[in-house]
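The next part holds the structures, each set out as structure tokens.
Below, chain A partners chain B and then partners chain C, in two separate complexes.
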Partner chain A sequence: MDIRIENLTKTYGNLNAVDHMNLRINDGELVGLLGPSGCGKSTTLFMLSGLTTPTEGKIFFGDKDVTSIPPEDREIGLVFQNYALYPHMTVEDNITFPLINRGVKKAQAREEALEIAKVVKIDQYMNRKPSELSGGQQQRVAIARALVKKPQVLLLDEPLSNLDAKLRVATREEIRRIQQEVKITTIFVTHDQEEAMSISDRIAVMKEGVLQQYEVPQTMYLNPANEFVANFLGTPEINNIEVDVKDGVITAGDAVLRTGAKLADGHYHAGIRPESFYVDENGISFAVDNLRMTGRDLLLFTKLGQTVVRVLVHSYMHVAEGDVIKASVREGHILVFDSSEKLIGRF
Partner chain B sequence: MDKKSFKGYLYLLPSIIIMLAFTIYPLIRAIIMSFLGDYSIINHGYSSIGFDNYKALFADPDFALSLRNTSIYVICVVPASIILSLIIAVLINSCNKTKAFFQTVYFLPYVTSVIAIGIVWRWMFNSNYGLINYFLGFFGIDPIPWLNRPEYAMPALIIFAIWKSMAFNILIFLAGLQTIPEDLYRAARIDSTPKLRVFTRITVPQLAPMIVYSSVIGMIGAFKVYNEVFSLFQGKAGPANKAMTIVYYIYDKFYNSYKYGVAAAGSVVLFIIILVMTQIQLRVTGEKKKK
Partner chain C sequence: MSQNRKVGNIIATILKYAVLIFGAVFTILPFVWMISSSLKTPTELVQIPPSLFPETPQWSNYQEAWKAAPFARYFVNTLIVTFCTTCGVLVTTVLSAFAFSRLNFPGKKTVFSLFLATLMIPGEMLIITNYETIINLKWIDSYKAMIIPWISSAFYIYLLTRFFMQVPESLYLAAKVDKCSDFKYMIKIMVPMNKQAIFSIAILNIISSWNAFLWPLLVTNSQEMRVLSNGLVRFQTEAGSSTELIMAASCMLVMPIIIIYLFLRKYIIEGVTRSGLKG
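== the complex of A and B ==
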């Protein structure tokens, strides 16, 4: 089921929680709604579910306008952030609950519940209570309960935020696997950019209720629409530096970053990702003030002019505090933004 | 005993003294008194030691009536009050704007004197001018002499008591309803759960601890019913003593007939009944929880 959101707006008092949002989600895709807290991503999800009524705008599931259809008739599965499992019921009763509500016979419901329980791999815990399961298992019960009624759309609100770091990585892969296996259009909310990038087909980044960019993860990472998206994606964070352009030469302080750039003279904001630097004998000199070993990489803290700059190098490189290394920026990896923070080019 | 726990016990001392003086000591005295024949509270004299009081108690048709009435009272009042309170609490909880208002209104009976409420209900039960007969008149029911005829004494008492005991139960259930996570109801909505099923499968199980608490407290209170009888029938046990309850019987034997030993024996019997009933109740609900 493809989804179309047109001019979707939700106003609380005089605050636009979601501001004239337009989005098109293709059938069978996994889409991550990404943004900092209070950006309107959960509100968007709850409007898709029907639990929140939009102030303005329309939602289409396929060709059908569902804006005024109540949640129970929207054919959606929703997984809550805290799972909202019925605590006094067993796993099986939790999963069969939506089926029995719809008048499915008990034997039939149990059969269907077992089938979906096998998909999410919780079939051996059918007689347990939710409190006897780990966080990850509870999560999978919640997904099974959402999927058992064979919805057209699956919605997940911060599905991984209640899990510990290690389980989070395993569970996000599980969500991807289940989504692929069931082939269901899925939308999930997250504030974790790594989570969004790793499993989404597309990411929608939001800020203060406004959709910033809707793209395939890799394209978005390399081509952020604006400074906010560039800053929000990637760890360690992108370096924000001030650059001057004169006759096609991009400089930051005394250092020449690029020559021959097709860019009007002036002062700009620029972004360079820490991994965009490479060691280069003819490059700029960086004095290493501080360094941090992260495993695969070494994160160097240096200065470009007055600005602190993070540079990532391979961890087999021998560097110590106080050393000077020479490095350049990869071609096309200097992101230059205009005064309204929009990306104007990569140099 | 080390110094630290000695200090701890010192803090407990005042309440232990009060409990010993006003609960444990009278309890023991009552048990002793129940075995003394013709006991006098003036000179503590008695004629015999044994089961004479208990024999007299179980031979008394009034005591048999009071046992029967109290049982009927408990069986009717406790479940009816809990079911009605549950429904009203859910209704109050579902209307957000008027919640505080109704919460106060329904709690009024709890903070008002039973005697005052009794006077109001006497008027409502009045066979000629009472509100209850007035309303029943709409359904073509002839006026019922609620307070004047023996056969209506118990029904009148039960109706009055259900109404009165609802206040406390509603308060408990409202507090319980507020602890049920909103997401459970949202999930139920997404799962297209019919309204009645939301109530029976989510609200009631989530309120189970409060329901058990209310039923235990309610049952203990119902076995000890006395105030309601006294206020509704102006200090009597209804026409022809038809609304005689155990505590009223004990009161009557002690203050009106001066049969202290029989009254004490009656209290011991009541004590044992309540003890056994609450134990059964807790055992049953405890086992259900395990399942």
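== the complex of A and C ==
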């Protein structure tokens, strides 16, 4: 089911929780709504579910305007951050609950529940209570309950935030697998950029209620629309550097970062990702102030002018505190922003 | 070090049990005294020093007490009143607690505050106004008079509202998406999730209704409408009171409550500890 959001706005008092948002989601896509807390991503999700009424704007599922349709008739499955399982009911009763409420016969409901339980791999726990399951299993029950009524759209609110780090990675793969298997248009909310990038077909980044960029993860990572998106995506965080441009030469302090850039003279904000540096005999000299071993990589803390710069190198490189390394920035990896923080070019 | 801690633990345990035993003796002693008095002869009862156990248990006291008043009738009356008020209390409490905790309606906060404010009105004041109302309604000497004024309690509503408020809102929203009506949500989710609290309210109400004395005495005149607790007065005559018979009747009066308590003990303890309130 295609989803179209037009000028969607939600106002609480003077605050625009969501501000004139436009979005198109294709059938069968998995879309991540990403942003810091309070950016309006959950509000958007709850407006899609129908639990929150928009102040302005329209939501279409396919060609149908669903803006004023109540949640129970929207054909959506919703999974809450705390799973919202009914604690006094067994897993089976939890999953059949939406069917029974829709007048499905008990035997039929149980059959359908078992079918979906097999998809999410919880069929062996049907007689347990939610409290007897692990967090990851509880979440699968919640997903099964959302999917059992065969909705057109699956909505997940921070589906991974209640899980520990290891389970989180496994579960996000699981969500992707279930989504692909059921072939359902899915929207999930997260504040974790890695989570969003790893499983989404496309990501919508929001800030203060405004949609910043809506893109395929890789494109967004390499071509962030503005400084906020550039800063929000990627670990370790991107380096924010002040640069000067004169006659096509980009400099930061005394260091020359690039020559021959087609950019008007002036002062700019620039962003360089830590992994955009490569070791180069003819490059800029960096004094290593500090370093962190992360496993695959070695994160060096150095200075470019007065600014602290993080440089990522392979962990097999021999560096120690106080060493000087020479490095350059990969072609096209200097992101230059204008005064309104918009990306104006990659050099 | 560990030796010291072990000794400390033992001392702590001993102290703990000493305090508990002390408390238990204080609670149990009146009961024991009641039971033993109910089996004594009048002479034994006033003998100095008093004996803890009767020489020969006078079981005939029970027969005599039972015959002294129409206790069977009282028992049925008490049962009817207790059953009806408890059912009424449960229905009104669950409905209003649900409304206060989950529904939105204009003036919700004001109404809730008014409910709470009624808790500060002393019971004696209520008795006077309620009595006048009953008179005006011409309900005197009827079950209605004993039941209707007690089918709702601001305190229980407040208590259950707090319990209901602890249920996360997401359950309600999830149920909504699952096409569950408000009423169905209340019956299928809220009530079973809070059954301990509801059991506690039921048992507290059963106890207070069973033991109610003043109100039934005020609003009934005829022998047929009296309840058990009123029956105890029967033994107080101008010639003095027959304490052994009062005690025998009291034993019969509290027995059903003790039995109910033993059966529902688990729920009460859980409910009361979870609410952090004493019954």
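As a working rule, the second predicted complex is superposed on the first by the 347 of 347 C-alpha atoms of A that agree within 3 Å, B and C clash if a C-alpha of one lies under 4 Å from a C-alpha of the other, contacts with A are read in each partner's own complex, and residues count from 1 in each chain.
Basically, a residue touches a chain if its C-beta (ideal position, glycine included) is under 8 Å from a C-beta of that chain, and two chains touch if they have at least 3 such contacts.
It should be emphasised that the depicted structure is a prediction, and the values quoted were computed from it without experimental measurement.
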Record, for the superposition on chain A, whether partners chain B and chain C clash or fit.
clash
Once the structures are superposed on A, label A:61 by its partner contacts, choosing first (chain B), second (chain C), both or neither.
neither
Of the two partner chains, chain B (first) and chain C (second), which one does A:49 touch, if any: first, second, both, or neither?
both
Would you sort A:80 into first (chain B), second (chain C), both or neither based on which partner it touches?
both
With both complexes overlaid on chain A, does A:188 touch chain B (first), chain C (second), both or neither?
neither
Footprint intersection on chain A (chain B / chain C) at 49, 51, 71-72, 76-78, 80, 82, 84, 86-88, 97-98, 101-102, 145, 149
In the complex, chain B touches chain A at residues 181, 183-184, 186-187, 189-194, 197, 201-202, 205-206, 208
Within the complex, chain C is touched by chain A residues 49, 51, 71-72, 76-78, 80-82, 84, 86-88, 97-98, 101-102, 145, 149
Listed in rising order, the residues of chain C that touch chain A in the complex are 168, 170-171, 173-180, 184, 189, 192-193, 195
Please name which positions on chain A make contact with chain B in the complex.
49, 51, 71-73, 76-78, 80, 82, 84-89, 97-98, 101-102, 145-146, 149
